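In what follows, chain A forms one complex with chain B and a second complex with chain C.
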Partner chain A sequence: MNERTALESKPVEDEDRADDAEPDSQESPEGPEGTDGTDEHGRRPRWPRILGALLTVALLATGGALFAEGQQLRDTPATANLALTDAEATTRVTGDVSNALGRIFSYGPDATALTKDAARQVLAGKALQQYAALFGQVEKQAADQKLTLTTHVVRAGVTRLTGSSAHLLVFLDQVYERRGRPATTASAQLSVTAELRDGQWRIVEIGSI
Partner chain B sequence: MTLRTRHLGGWAVLLAAALVCSLGTWSYAQARSDRTLSYAKARDAALAQGKRHLATLNSLDGKDATSVTTGLRAWRDSSTGPLHDQLKRSSATDARTLTTAGDTARGKVTSAALTALDDRTGTAELIATVDVRVTPRTGTPGIQRKRFTATLARTGHGWKVKALTAMRAGDGG
Partner chain C sequence: MARAGTTRNPLVIAATALAVVAAAAAGWGGWDRYDASHDDAASYAQARDDALAAGEQAVQNMNTLDHRTLEKGLDSWEESTTGDLHRQLVEGRDAFAEQIVAAKTVSTAKVLSGAVTELDERAGRAGVMVALRVTVAAPKGEPAVKESRMLGTLTRTAEGWKLSALGQAPVGSTAG
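And then the complex of A and B:
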């Protein structure tokens, strides 16, 4: 019963409100429009047009300025560099490069061929040439001195990353073992440039720091 | 009729202007609230400030007591949290030993990169190689090549060094 009374009374209330509101809502939009010239044929006051023009200019200027500001915020060198912002690509390039460095700088006296193969897979361009020039020496040394070198990456950080090229700082630890002698550990820091070729990151330049 | 068209034209122009304004506002708001953009900026700020602080923390003018005190104050200004506390605690003894030794060190970051960044909590991991040119009170200067890992934290005055570890060979595990 209560509900029904509530429902019944509702339309009445609405009607009342509508009656109250109608005169107001009809008058208010007509007020300014009246002075705008709809009623006064022929003689229109100038100020609405000036106001309109000023408003237009102000809106255009504000819109343009905000748009330019937004573009400026976006087009910084910060956004062009994807290091860390693209977490997946950063992890991938770090992993690929760390892996590659571990492989090409690890060899045993009898396993230099493996390392050579690895180098051909993970190096390209200038880095491959440099490596090839160096490796003859390394091969001889490894065989003569029964030298085993094990390299692993302890830290690697990406300084610059785009869709197809990356620049990294890599900390390495290298363990040298000569047969019959205690192992020695040395540290090395490299600056590495890598390029994405055929879906794989290849090292194109290696610099020592 | 012409009056009416002109009238409508005026409204259309105004409407178009309002549209341009709202588009501009939207574009700007979008750029401001861009998470990737703010993350990228935080990354660059952390790296730049981290490098600067690392150079400071590897530099000290050991000429006299005043210059040592100034240097130690600079160390404290570059650090925060645990490192800051540690430097503060040992500042008196540090000042004495460093003044007695009288060595002057000038650190230069040769390369640095962030390995991690948490924009939300304001922490970052930095790796860097630093050349420290040490000039003893007597004797010839030499260059020490060092590598560091540092934890950075965002403070009210920018990114500062919270923890600093010199990594020797074999330290990385």
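And then the complex of A and C:
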């Protein structure tokens, strides 16, 4: 471009080089080429276009990679477990399960019916079947031996929590009282599985540890 | 003219649009990545899992002791603890070591289950409950196996979570 302006602005030099007509004629073909050049001006940024395309691809790839990385950071096994991270749900399930265990494992010689009712409310699935099998004996024992059992949850912790299911570790104390005898206390460690059904956490499985 | 032609070229418009979209995607991706690494919930969940892992390991260490490798065992006790508990262990180390040497006991522990009961990430404090089976073998007689349930308090240190308090979960204390 500079060359051309130089040539145009200094025709004297061209005249000086009158003999160099051929270069001139060479330049006149260059004229049309020049107009082509304007086209080429459009086409000339072919490498910028390629660069632009490459940059675009690179940007897209970077964005995608960063986004994927971000998702990976968020969706870890740690974040899938809502224990404590969802404070409200954690408190709720801990409270519901602690209450439930206290109710189903507490009974007096005359109050087994209450316990049975409670079990139907707070247990479900396998836990309810297990409990029903167990409670036949318990009912008899309680009546025959005038036995009172009181269960307290000492500590309960959520090991795993999702939207509708939870696993808990529960430490509890059980106090047995027979009429006329001193009370005995036994400690137990349970692993409890609970499911959220109709807005209430129900125990579906109880295992001793 | 040529320039006007270029801008009107639908291909160029599309290319430009694509480039803008790409730049936006990169920006969004970068922001998302940044946001994710500063995600409080994710960091809290990670802290919880770290505290539990450290807590279970520390409780296991504290219930493991072999009179034949006493120094190593007591070192691991000290490494697992911080604060008051650590100080107590250091102060009582010699007297305790004598007892163990005399009794020639070998204690091993297996963690059965554990849970974090509370976590204050800012204060660097966590509460853990751990159920474990402890086997104590003395030179005479059968090894004694007992289930143990422990409550511990963890404090975050530069070297990770360490026990600052540890005790058996009380039995019968809540009974009316």
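One rule holds in what follows: the second predicted complex is superposed on the first by the 164 of 209 C-alpha atoms of A that agree within 3 Å, B and C clash if a C-alpha of one lies under 4 Å from a C-alpha of the other, contacts with A are read in each partner's own complex, and residues count from 1 in each chain.
Rule of thumb we're sticking to: contacts are C-beta pairs under 8 Å (C-beta built on N, C-alpha and C of every residue); 3 or more make two chains touch, one makes a residue touch a chain.
Remember, it's a predicted structure, so these values are computed and weren't measured experimentally.
Model built by superposing both complexes on chain A: chain B and chain C clash. By the touch criterion stated above, A:150 is placed in contact with chain C alone, chain B being left untouched.
In the superposed model, A:70 makes contact with both chain B and chain C.
When both complexes are overlaid on chain A, the residue A:140 reaches neither chain B nor chain C. Contacts of A:187 after superposition: both chain B and chain C are touched. In the superposition on chain A, A:169 makes contact with both chain B and chain C.
Overlap of the chain B and chain C contact sets on chain A: residues 41, 49, 52, 55-57, 59-60, 62-67, 69-71, 73-74, 76-79, 81, 83-85, 152, 154-159, 168-169, 171, 173, 185, 187, 189, 191, 209.
Listing the residues of chain B that touch chain A in their complex gives 3, 7, 10, 13-14, 17-18, 20-25, 27-32, 34, 36-37, 39-41, 43-44, 47, 110-117, 126-129, 147, 149, 167-173. Residue ranges of chain A in contact with chain C, taken from their complex: 38-39, 41-42, 49, 52-53, 55-60, 62-67, 69-74, 76-79, 81, 83-85, 150, 152, 154-159, 168-169, 171, 173, 175, 183, 185, 187, 189, 191, 209. Contact residues on chain C toward chain A in their complex (touch as defined above): 2, 5-6, 15, 18-19, 21-30, 32-37, 39, 41-42, 44-46, 48-49, 112-119, 128-129, 131, 147, 149, 151, 169-176. Chain A contributes residues 37, 41, 44, 49, 52, 55-57, 59-60, 62-67, 69-71, 73-74, 76-79, 81, 83-85, 152, 154-159, 168-169, 171, 173-174, 185-187, 189, 191, 209 to its touches with chain B in the complex.
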